[in-house]
């Protein structure tokens, strides 16, 4: 198979180390610790008041977001029966690199005396920037090589930082929980990449593109951690005090409501009213996505609940009815259904933000909210398409169709116990990892 | 099997959405954000000082409790070999609805200007109210439908709120870590329900009522998160400062001691001194339950350790010797052994509280502590019995005996890999979840 | 097999309860709650400023460390296919006892009016002291009985407390993240024990000394929680404010960089460039170990990244090339490869600390740093050797070679489902745990 040079032995180490060394050099030149001394006004991150807090004030919030990025996203994707190593392992790789790259890309817009000053606020935002990549990763899960994904990480975060600057600092739009600039952006970026990397050979599915009992339980670890800490995600960079409390309460209630509607619709559309793990793992989170933009606004607790109710419904219906159509008619093979969890609920969140701002006697600002949504979708689709074309170049080690959704192409995978027992007479040939 | 209409297709969505819509309407009428402006004195939640803190002060505590509710209780129950989806999934469903219902039921006792003002303190208490349901869920795990359990959630939290008001505001009893009003209440409520729902057909056990190797490891995720964050559970609503520190230290030490006694007794009573996972998963937590009532009292670090030591012993002995007797002689089939983890240790906690208050020159108050324990047990048994009778009505989709402890009656369950491989020729018939 | 009296029925309960009762008595005599009133100056724990904080200020940091100890270390070791119960279960046992013992042993050096006053600061340090035992546990995992390990816990923590006092209070060396006094100490202590307990019978490996697919995923739960919360480990007892922020930022960046180098080297040295789970589970954490000593120093963000880069490289190379040599040539059978995760990176951290202090115009102090490293290694090797000899006494229930790496020697292990189905006709003989 000359077209698929999936041996990573040289290309992966070279790409990874080159990127890391470039990053370290950029850090040496540009990055210093925050020392609490800030000149000038405004422009200091999304939330100008963040820096008047004690330096460690946001640390517990940061750790909640950290858990969402590394456990939440990582384990959510372990639902595939033979792709758990890649899900949690490549998630760690991309996020670990992405947060460094995000610190630089976001930091370049907010330098002081030519330096990026690292604070808790900045590392929360760096974690946020990686979320876009992890969302897009879900769309192409199982069909891309680690090298392709590192390239996507660099490009997606770079473009994200431009759009974020535009939305927050130029348009002055609100998006505290990032329905638009993270969720909608990450989803449509990933869907654009998936479209460019369309694989006709997987039109009829793939034996490994499904779950087993225990892999669905591993995925629930991701779901539940994401669900629990989403109030931190949506409130971490909100203005301190009662505004931050509002963001917590709205997100908490939207998520709780969304669980009920996701379960109800899952049961309604499935055979004999049974619940479907795909819906439960994903659609229960749509309320967190959809309430993001207006999390810190005075939409009322019941307003947050209505958003969650609708998000759970459209997300579940999307998994059931829309995803198959996107795959068969538009050639968008969205492995994790990010369109249903992040795409549509992200747009819903953007629209809710427009309405909330318009109703809140700030009608001029509603236009800026709409522009922010359009900008996020535009950068996502254009950026994703270009990134997809670059990822499609034939030397990045993309897996052939038959090896998709299979860890063993990029990972040493232990033999199964059953096989092991059959092969006890060849035990000396078996890879015994613990001896290594 | 006309007696068992387990098809959930209409009844589950209707019940779930109806409950949710009623709840949203009640929120629209009664619930607003906390704005920090409070009239009048006292009566403001269990701990009147809670509200003088900055609005986000308790947020990290809240998140610890949140993890206990959703990861802790959810995964603790995944020990059953074929009931993991229900354990963690229905746990999420019940807790997500319960926290909304609890916010209302508890809030109605503490309204200001006709409104319930949502604060972090209030959402911690809302999470607490769901704990009672999740404890009772453990008693009937595997033998009830999601619809039955939603009904139990509504009734159990409503009754809990009455008892809590009585104990905290009328009797003025101490129960900072809720040994009585959550643990004993939840356990005996669940046991009363289990008694009413007694299944003679399961007298000789059930093939699926047991664990496999990996399900026991999933359960340990729940155990360890509960164990670690229990100091937050017992101190979250304690008075700030050194009182809260005392609650943390007592709980930390009681739990640590309890681990040693649970392990020692497990080894002592088992064949060849082997440790039993059921004991390790559960009895190691009894110290957190039993120290709850007097967690914030000056019982001395070694006092807390003695409570933990005794709790670990009686809990382990309960699993080994008492549970089989309850099942065979009293018709109480307690799937998770909540009597041993929450019931007896909860009563122990209540008794320890009476003694601690009596010794602490507050003898008048000891009577109130005893009344609080009696009230909690009384509401639990009576409330559980009535709730059980309602749950026994034949149209809630209760599973037949042979389908107990089996996810596949209410969930789409992926085929096992082994079966899958055998059935590759029928691959087109297999459910491929990722295509949905 | 008279030499292997592995029946724990009496010896384990007696040892565990005796140790616990002695501990409770010592607590009754010596331990009180912190009341915020402190006489005298200095000498109050490693960080004299810790106590001027509000009593609960460090609580979120404590909980992060707690998660690392109980989930992180516990699940990291579940990678073995048949040793998950012991990994997470015995980890819980040892840590629960160790934190009590550590509170006493460390507390004796810092008594006020003859009492040890328990604060959050003190329980963080108690958790730290257990980390040394859990690291050593990794070296002898699968080859020791619970009784042996309890004895190791007592001795290792006692010796740790002496070395810690020497390093922090006599030498006045810096080791905020404990590269030397926890990581290097724990690793070389464990390696010395492993050397004394050398088993020639395992020279050619053991069938159970390896992973299966799902056990590697359970281990990743441990890895990722350790990775995420390591900034808390390295900063928990740092001076509050910007110093603590520096410790967080350095650790965050070192770990992120280390992921890239661990992945790159793993791919470089493995067959066809595949990633090896052993490396990913462990070497990605080496950056947290190696940056420990100088975490709170002004080494610059890029300095932290360089440390992480090197740590990831030497750790991965150690797993691949050095561990087999240690096993075959020196008789050191290091089950989890703690030499690669904690040993070498710990020494690297100590050396980095010497250099950082020397460069920072504090040349006199560099000698003290070097003495601290030497002291930690000396106590580890001597203490580990003596401890190993005591553990080698024939009556502690050490497992015979053929039962190593197998839970079933000390745990009731559920029958596998496949076996269960074959044996349905004997179902009445099978242990049904949930009935107990």
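The first chain written gets the first letter, and so on, giving A, B and C; residue counts start at 1 in each chain.
One rule holds for everything that comes next: a residue touches a chain if its C-beta (ideal position, glycine included) is under 8 Å from a C-beta of that chain, and two chains touch if they have at least 3 such contacts.
These numbers were taken from a predicted model, which means no experiment stands behind them.
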Chain B and chain A - chains in contact with each: C
Interface numbering overlap (same over half, different under half) for chain B and chain C: different
Superposition of chain A upon chain C: rotation angle, C-alpha, nearest 5 degrees: 120
Whole-Å gap separating chain B and chain C, where each centre is the average of the chain's CA atoms: 32
Contacts with two or more other chains, residues of chain C listed in rising order: 60, 214, 221
Contact footprint of chain B on chain C as seen in their complex: 7-13, 16-17, 19-20, 23-25, 27-28, 31-36, 54-56, 59-60, 63, 66-67, 70-71, 74-75, 78, 82, 84-85, 88-89, 92-93, 96-97, 99-100, 118-120, 123, 146, 214, 218, 221, 410-414, 416-417, 420, 424, 427, 430-436
Complex contact set, residues of chain B against chain C: 60-61, 64, 79-81, 205, 207, 209-214, 216-217, 220-221, 224-225, 227-229, 232, 240-242, 244-246, 248-249, 252-253, 255-257, 259-261, 263-265, 267-268, 270-278, 280, 284, 298, 300-302, 305-306, 309, 319-320, 323-324, 327, 335, 337
